[in-house]
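You will see chain A twice below: alongside chain B first, and alongside chain C after that.
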Partner chain A sequence: MNAKLKKNFKTGLRLAGAVVLTILFLFPIYWLFMISFKTADEIYAYPPVWWPESLQFSNYAVLFKDGDAATVGNSLIVAGTSTVFAMILGTTCAYSIVRFKTGGDHLANWIISQRMIPPIAIVFPVFILYVWFGLVDTYFGLILLYTAFNLPYVIWMMRGYILDIPISLEHAALVDGYTRWQVLWKVIFPMCRAGLFATAIFTFVFAWNDFIFALVLTRTEVATYTVQVTHYFGGQSNFWGKISAMSVLGTLPIFFIVAFMQKYLVRGISLGAVKG
Partner chain B sequence: MADLRISGLHKYYGSMHAVKGIDLEIPSGEFTVLVGQSGCGKSTLLRTIAGLEEIDQGTVQISGQTVNDLAPKDRDIAMVFQNYALYPYMKIFDNIAFGLRARKVEKTEINKKVDHVSKMLSIDHLLDRYPRQLSGGQLQRVAIGRAIVREARIYLFDEPLSNLDAQLRDEMRGEIKRLHKELGKTMIYVTHDQIEAMTMADRIVLIRDGKIEQQGTPSDLYDRPKTKYVAGFLGSPSMNFITARVVTQGLGYGLILENTAAQLKMPENVSQRIGEYLGSNILIGIRPEHFSLNNESKPEDSGTTIEVSIDLVQPTGARTYVSFKIGQVTAVAELNPRDIRQNESNLTLNVDVNRCVLINKDTEFSI
Partner chain C sequence: MLKKLSLPKIRKLGFKYQLIAPSIIILLIIGLFPLVYTLVVSFQGITMMDNDTSFHGIKNYVAIADDTRFWGALFHTVMFTVIALPIELFLGLFMAQLFIEKLPGRQIFIALLVLPVVVAPIVSGATWSLLLDNRFGPINQIINWFMGEELTLLWTINPTLVYPAIFLAEVWQWTPFMFLLLLAALSAVDKAQLEAAAIDGASYWMIFTKITLPSIWPVMAVAILIRGLDLFRLFDIVWALTKGGPGTMTETISTFTYVKGFQQFETSYTGAVALLIIIILSFVVIGALRKVELSR
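Entry: the complex of A and B
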């Protein structure tokens, strides 16, 4: 009986710990959502208002009325398209490096080193180039840069997943009558599906969350939501309602993607560690 | 007509010379086993036939057509892999149908063929499952099914049984042999297991260090090995090699086994061949089963017996293996268990001198 009591106590303690941690992590998100639904008075009120008297949608309404919400669309277009490009290019590159030893043994290491360059170090040279080529403030310009910047990450990750695929699976398909491209499509992709999804999610999130490239390389046409948020910080006052509403709009797509793809995400990350 | 003709084939991996000039002809419908130790180049040879490895020098012809630059898919071959190479995300049916789909076979035809093959291999009840739900033996059947459903010109097997346990291996050996009989197709089978080679092959090609050491029927290689390597490779336990000096004996020649007083009289046909070695050392190779127990000494046995003291007795049921020393060398004899009395420490053994192999000590070629 005593042992059982002790066990219950331990379980309870663990549960309490989990609850405290969850609250700690969720509080900023809760606070962000709450601010977006508050009136200006409530935002500045002291003591703070934990739950607004009535949920105000005016902060969102303004964003849609002024067209600011379109910047979330820009983010979606730029991050989505560059993710697709980076995944296609990166996976084929990784396959080539793994199967045909393209670039020798160390190309992959060199490639990943490119990903470690701080964005701020390259953004101004890129800006000057883009001015010459007329790519500033265009979708193509941002998509090109995000694709290039994410490519090393995709190559590196996909290389690991492809290395784990037994070569005999490919050989079997080649002998059975498929071409290299068909093998890529029918064997490699299905075999590393979880890895593909996990990598794509991270690639998308990198582009989605980018601020520095978008800030320097956009003006008005293709400004992403991260850039748009900064417009609400004024010299005189900050529009906290708009800032938080915009931030919520920017958070939702990631929230849904991660929620729906959680299965792949977890499996993709742990792939290689535990086979099967 | 030769279904497969390989001439002057070389393959390098960087500075490693894996295949060193192989010439080989495989007649249509034959079951050929490429056998050799791991790393001897036999699997590389098989993969060059399949087109999975590029050829550095030489030609591979299938039915008279040079296929050096042909993609694997255009060579009309089917292959079974050691690790089964089944697609984990496909059901067994789809795994078997995979190759047919590549060749755009009609759906009803695919169903018919998969059905036929799966019944032939008794895997028809597994078609709805995934590979992870099957045992090793079942997986290998599926892998074989995937190959034979294709009706290719040549079937290649790359150590298909080495992942199975001993009992299953015996079973599958018979099964593959039976399939070959039923289908009558050209099959090339790679293994490091000499028992598989001996039991299955119409013809064995023994490969050593990237070259063909000897090829022929199993009994060719077993009874008339060309080199010491071949003699030692085939047979289990392997052949006993004992150094012996050639001396004159009667009208012919005899051999004095090194570090012993034992002298073996060579029969006439053997004597003719060893005359030139008179006074020098050669190797005599005696297979374990070529020893027999000499219970009552008969006059015709004179000169072909040796006295040994038993080191170790290993009964296996059907046969008993007895080890003993001949001079410095540990030798093994395979004897009838009923012949060996308990607590016996000395034996007189007959040596079947007509069947032993004599080898030039320097060149290691048989005499």
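Entry: the complex of A and C
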């Protein structure tokens, strides 16, 4: 009895710890979201107002009226398109590396090391390249860069998922008269559907959340939401209402995606090192 | 097994190269070409005023050696890495320990706790500048409640407070990353072994260092590698909170390079800096990849 009581007490203590931690970690997100629904008077009130009187959508209305909300659309276009390209190219490349040992270990290691170069070192020469070719502030330019930046990740992740597919399935398909390309499209792609899905989501989130590439390579036409957020920072006075509303517009879709992605989260963020 | 594949493989020798060609071409365009270009430019004398493409030798590299601002930025970057990384690691490990056993609502807690990881770093920087605002932010308000007096802490301006401010944002965003990975690693530790050790009378500390730690180490090493490299490229959070200021106090390698290349347009000099970063990091990555088993 005593042991059971002790165990219950421990669980209670752990539960209390969990609640406190969760509140601490969620409070910044609460504050960001809450500010976006405040009126200007409430945002610039001293002492700060901890919850708004009523939900105001005026901050959002301004973003839509001024057309700033379109930057979320830009994020969607560049992140979405580059994800599709990176997935198709990366998966076929990964398949070649796994099944035919193309390039051996060196190629695989070179590819993953590409991922580890700091973006600032990549974007500097790419910017000059883009100036030459007139690709600054174009969808194509940004999509190309995100595709290239995400390729190593896709190749690396899909390599892991393809390794999990038994080779005997491919033998059977080849015996049945499938061509190599048919094996790839009709056996490999369907077999690693879950992996494709999970990897695509992370690829999308990387591009969606990127700031530095978009900061350097966009001006006004294809500015993404992360760049737009920083436009509201200004010297002494920041436009908190706009900053928070814009941030929420960009963050909410990611939260929804992640809610459905719990199962794949660990493998995705650990570069496939943890199967989770 | 693979022998059987060799017949069609010979017939379609080009197939495997067809598969990798598009990816490799893109990686070469975006990866290798800029590298070569950076190398060339770093030996020239291009600035905002002067498009001087003549050969300047190692002039820019000598200038870097004398540039205290560059070394300062490198020092800050290393500081951020060596301080934030252990904090995130230990806090993440502590949280993982808390959630390893059964707990009511465990899945919901975990789902909520990982949310900071997927917030765009620039947004989390913006969020923390809201929270730390000297007048309208809640954090100064809470501190005032506890201190019982009116304090106006200038988190992003006061030299003694800027580092804590950046660490707060950084640790808030990435501790859940460590937590998630270490939780997965802890779940994979052999329970029978732990129980056997406990029955044999081993202390908690003994069990942790002799069984748990060796078993979670591969995952921990990967987590440290990924986060270490991320911290080395730290840009967004610093940009949102301080833009490297006050002065150049919180400047990182990335913000320094950005300012040099895109605000002061010291093209050749920036090329040399970028190349130097790549070289430094290549050694770190090659060394680390040998030690860490990233994937089978």
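Heads up, the rule we're going with is that the second predicted complex is superposed on the first by the 259 of 276 C-alpha atoms of A that agree within 3 Å, B and C clash if a C-alpha of one lies under 4 Å from a C-alpha of the other, contacts with A are read in each partner's own complex, and residues count from 1 in each chain.
To be clear about the criterion, contacts are C-beta pairs under 8 Å (C-beta built on N, C-alpha and C of every residue); 3 or more make two chains touch, one makes a residue touch a chain.
All values derive from a computational prediction rather than experimental measurement.
Engineer: Thinking of the overlay built on chain A, is A:Ala172 touched by chain B (first), by chain C (second), by both, or by neither?
Structural biologist: first
Engineer: Looking at A:Leu129, would you say it contacts chain B, chain C, both, or neither? Reply first, second, both or neither.
Structural biologist: A:Leu129 contacts chain C only, not chain B.
Engineer: Applying the document's definition of touch, where does A:Leu89 land relative to chain B and chain C: first, second, both, or neither?
Structural biologist: second
Engineer: Residues of chain A touched by chain B versus by chain C: which partner has the larger set?
Structural biologist: C
Engineer: So in the superposed three-chain picture, is A:Ile43 touching just chain B, just chain C, both, or none of them (first/second/both/neither)?
Structural biologist: second
Engineer: Under the contact rule defined above, give the chain A residues that sit at the interface with chain B and also at the interface with chain C.
Structural biologist: Common to the two interfaces on chain A: residues 168, 171, 174, 276.
Engineer: Considering the complex alone, what residue numbers of chain A touch chain B?
Structural biologist: 166, 168-169, 171-179, 182, 187, 190-191, 193, 276
Engineer: Under the stated contact criterion, what part of chain C meets chain A in this complex?
Structural biologist: Residue positions touching the partner: 1-2, 4-5, 8-9, 12, 15-17, 19-20, 22-24, 26-27, 29-31, 33-35, 37-38, 41, 95, 98-99, 101-105, 107, 109-124, 126-131, 135-138, 141, 172, 175-177, 180-181, 184-185, 218-219, 222-223, 226, 229, 232-233, 235-236, 239-240, 253-254, 257-258, 261-262, 267, 270-271, 274-275, 277-278, 281-282, 285-286, 289, 293-296.
Engineer: List the residues on chain A that touch chain C in their complex, please.
Structural biologist: 11, 14-15, 17-18, 21-22, 25-26, 28-29, 31-32, 35, 43-48, 50, 89-90, 92-93, 95-97, 99-100, 102-103, 107, 109, 111-114, 116-122, 124-129, 144-145, 147-149, 151-152, 155-156, 159-160, 163, 167-168, 170-171, 174, 180, 184, 205, 208-212, 215-216, 226, 229-230, 233, 238, 240, 243-244, 247, 250-251, 254-255, 258-259, 262, 265-266, 269-274, 276
Engineer: Would you pull the chain B residues touching chain A in the complex into a rising list?
Structural biologist: 47, 50-52, 71-73, 75, 77-79, 81-83, 85, 87-89, 98-99, 102-103, 132, 146, 150, 156
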